[in-house]
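Note that chain A is present in both complexes that follow, paired respectively with chain B and with chain C.
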Partner chain A sequence: MAAHFLKNRHMLGWVQATPLTLVLLAFLIAPIVMIVIVSFWGATEFSIYPAFQFDNYEFLFSSPVTYRVFGNTLKYALITWALTLVIGFTVAYYLAFHIRSQTMQIALFLLCTIPFWTSNIIRMISWIPFLGRNGIANQTLISWGVIDEPLEWLLYSDFSVILAFVHLYTLFMVVPIFNTMMRIDRSLLEAARDNGANGLQTLMHVIIPLTKPGIMIGTIFVVTLVMGDFITVRFMSGSQRANVGRLISNDIGLLQYPSAAATAVVLLGTVLIVIAILLRFVNIRKEL
Partner chain B sequence: MDRRPRSFYVLSAVFVLFVLFLYGPILTIGILSFQGPQGGLTFPMNGVSLHWFRDLFQEQAVGDIWGAFRRSLVLGLLVMVTTVVVSVMAGLAFRKRFAGSGLLFYAAITSLVIPSILISLGVGLIFNQLGLKIHWATSGFGSQLTWTLPFGLLIMFAVFNRFDKSYEEAARDQGATAWQTLRHVVLPIIAPSLIGVALFGFTLSYDEFARTLLTAGSYNTLPLEIFGMTTNVTTPVIYALGTLTTAFSFVIIAVFLVSVWVIGRRRARHGSDAGKAA
Partner chain C sequence: MRTGYDLELVHLTKRYGDTVAVRDLNHVFSPGSYVCFLGPSGCGKSSTLRMIAGHEEISEGSILLDGQDVSRLPPAQRGTAMMFQNYALFPHLSVRDNVAFSLRMKGVDKDTRHKRANELLDLVDMTHLADRLPAQLSGGQQQRVALARALVTEPKVLLLDEPLSALDPFLRIRMRSELKKLQRELGITFIHVTHGQDEALALADEIVVMNNAVIEQAGPAREVWAQPDTEFVARFIGGHNVIALPGGKATIRSDAVTIAPEGLPATVIAVEYQGASVAVSTRTETGDDVLALLPEEQFFAAPNTPGESVRLAWDERRLHHLRA
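Entry: the complex of A and B
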């Protein structure tokens, strides 16, 4: 009986997928449902109580802070996306098409990915000696005579926030773009050259179109990571800049869970809409 | 070999700059962690010493970082083993294209792209409302899995997309049962990729912050402890800690990469074609 039961492809599939399903149900789906429920609850200064009211959303949508903070979040996402795309594409292109030995290719690729497996917090902290008022950047610029006084906007500003985002997340662009580029049939490049295309034309009309799936996957990573971030903005701006994640984490700090939950629901909605649009351009499972 | 175009040299320079950008800051705090006892958070170096590393071993100076390190290590290993097992099982399941697999796939992708603070908040709320105690080994463990499992699953997709099914068919034709085929054919072939999954599982857990923030309970993991230090520690001791834990990460990464390489070498030597699906 059991043997027969497991011969069914669907049944065996579900049995093997059970652990994954359970983890996702308990720690992904249930938390989302819980957040949606709590977003309708009420809160006093010390506790939260079940209710079904729209107060949290009303407050959220009537506050000008909300719009400013969402705008700021999208701004960070857009600027970081553009920078990581240009840098990531260039690096991936160099690795895929200019490095001829495969061993070298793997070595350099690993060199680019190793920081991914180290701590983000440490990588943020490590910018402080660079950007601080008496940091390396200011000292260098002063000794070169470029500036007379230390620049104040290097640390704890939009600049440092975006710098950290680019530093942390560019490899999320490099890896998928490199992966797609490695699968481009090299004879297509030869064909382009034989037909008289120069390097730039080959890049524009052959490589970039064929690399689009990788670009899309990288985009999804970078955009969602930046939009959902709360720690980079807090740390690198010295709590002087805000994004949606910080709005949520501030509410959590004040034990205003229902309000945090309402903001979280709107944030999740925004992120999912962005993803849904991006997914129309790529079939992730085929591109791995 | 034809001559390198000029763009090669330009791009090489760009690449070198990129690598400097990636590693420069961490090297800097590596150097600064050897500051003299009077030294500050930036250059110039005020002497050279191991003062700040010694500080790390004195509890009153830095709090419970060794306890935090032990917890992160145990949690990392738990997450690693779970990630490998669950990802392999799920990877095998998805090959069967069972009904509803599309839905599960989208759930996994959601798990990857969902803002981490939602996991933190949602899991925290559930545990509170159910009256369960928040602890790094329960709520923290589950929250971290939502981050490591999608990566494990994506790697399994990449592996099975390149997997030559004729190995399995050959095994079946010779009378192997489904379990024997899995145990003696499929798993050995994909073994090096499993080391990759393990690497992701361990390091992503060991460094995880956002999803553990509200789910670790009263005992901090190392990244939480370090973040706590950033608000109240203003001496290079935090650089010393950063240097040490990054060095630890590098050692772990090296161990994983070397073992993949050794397995590859051993296979080449024994003339086995296992793993060379392409």
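Entry: the complex of A and C
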């Protein structure tokens, strides 16, 4: 009976898909469903109670703080995206098209990943003594006579937050872009040259269009990472700047789970909308 | 006679580090001819083509086209166009935009360049697929697009790097007749690199046989085939037996060898029926392999079997003595 059951082609397919389905159900779908449910619950100063009410969302959408914080989050995402894109594209381009030997390419590529052998937090915190009021940067600039007094905006500012983001996430841009670039047939570049394209024209008309899927994957990585982050913002702004992640973490700190869940749902929706818009522009399916 | 559009290689040399890929080539191509560079892999034929195209730097010497030294010019300003081995069509552009690419780079406006691209697509009979992407085309169709893209620049010389090697045998024969027809219509020089002697014989007005970075022999296809200068050419171009004779090495065409009562003693190794003829492989006592291509009727009148001792004969006048 069991043997017969397994011989059925459709049944076999379902059986093969089951383990992954269960994993996704347990660790992705269930938590999200749970968050959505809790986001409709109610809370008092000392308790939470199951309910189906829109209080959390009402409060969220009526508060100007929400809009400011979401705006700030999008601002971080946009600026970090632009910077990581420019740096990531340049690094990937250099690795893919200027380094001729494959050994050298692999060596330099591994070099790019070395910072990732340490934790995010350590890499983040190591900026603090560098950027601080009496940090290395300020002291050096003063000793060179470039500035007279320490720059206040180096640390605990938007600047330091974005600097840390760029530092942490540029590799997520480099890897997919490098990957797509390596798949570009080198004879296409010769063909472009044969057809009279100069270096810039080859870049604009051949390399960038063919690298788009990699750019898009990198963009999704960076945007989702930055939008979901709270620890970088907290450390690098010295708790003086806020993003949605911090809003959620504060709520959790105050045991306001329903409110945190509602914010999380809105954040999830925002990120999904951003990704949906991105996918409208570029088809990344052939890269996967 | 030297007229416009002729292409000349002068002491052309290419080195990669210590290895010499192309050694001191001197050659004048007659204008408007179909030239085939023929040779085994690594003989320097592709490097030569790429140097003419401008995709490979020249170590020494120069390339003259139309009386002008083009060796230091970028590819697009030389008056040459190249068709790549895998066609190198831009995958993100439609067929029409691929053909119009060089015009776009020159800043030609959209209407004009599309009109011109359509003319070229008409020439290669691809108008009906102008809006497709290259991935949606067959190998033969891709090649036509690549041809149209190369020709849109109005080159004086079209360079083809093993253009037929990516096609299946049936298409290969069809495309080569189309290439030849196109060359005749356009009247420009085609330089075609190949390692297939049948392709070279079928297409070329002039064959340039290369080996070990030098030209072994160059000349009209019939001349190269009938009177090979060297043993290498005789063996590479096919259809010949190379025999060591007291007066030095000589070649005899396979179809000129017969099996006779008197002649060079040999042993039959294999017999292969080929339809109109029968290929009898033999080995002489000195160890030379000799192939006799016998007309089918003649063979079956007195068939031979492997292992049999036979005598090989030929008309002495058909024997061709090699220079080296």
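Criterion: the second predicted complex is superposed on the first by the 262 of 288 C-alpha atoms of A that agree within 3 Å, B and C clash if a C-alpha of one lies under 4 Å from a C-alpha of the other, contacts with A are read in each partner's own complex, and residues count from 1 in each chain.
By our rule, contacts are C-beta pairs under 8 Å (C-beta built on N, C-alpha and C of every residue); 3 or more make two chains touch, one makes a residue touch a chain.
For clarity, every value in this text was computed on a predicted model and none was experimentally measured.
Look at A:A192: by the touch rule set out above, it reaches chain C but stays clear of chain B. Of the two partner chains, chain B is the only one touched by A:P19; chain C is not.
Of the two partner chains placed by the overlay, only chain B lies in contact with A:L110; chain C stays clear of it.
In the superposed model, A:N283 makes contact with neither chain B nor chain C. Of the two partner chains placed by superposition, only chain B is touched by A:I248; chain C is not. Contacts of A:S63 after superposition on the shared chain: neither chain B nor chain C is touched.
Which of chain B and chain C touches more residues of chain A: that partner is B. Of the two partner chains placed around the shared chain by superposition, chain C is the only one that A:Q201 touches, whereas chain B remains out of contact.
Looking at the shared chain after the overlay, A:I121 reaches chain B, while chain C stays out of its contact range.
Contact residues of chain B toward chain A in the complex are 1, 5, 7-8, 11-12, 14-15, 18-19, 21-26, 28-29, 32, 41-43, 85-87, 89-90, 92-94, 96-101, 104-105, 107-119, 121-123, 125-126, 129, 142-143, 145-146, 149, 153-154, 157-158, 161, 199-200, 203-204, 206-207, 209-210, 214, 223, 226-227, 230, 238-239, 242, 245-246, 249-250, 252-253, 257.
Listed in rising order, the residues of chain A touching chain B in the complex are 9-21, 23-24, 26-32, 34-35, 38, 87, 90-91, 93-95, 98, 100, 108, 110-112, 114-115, 117-123, 125-130, 132, 134-136, 139, 167, 170, 199, 220-221, 224, 227-231, 235, 245, 248-249, 252, 257, 260-261, 264, 267-268, 271-272, 275, 284-285, 288.
Chain C meets chain A in the complex at residues 53-55, 74-77, 81-82, 84-86, 88-92, 101-102, 104-106, 149-150, 153. Residue ranges of chain A in contact with chain C, taken from their complex: 185, 187-188, 190-198, 201, 205-206, 209-210.
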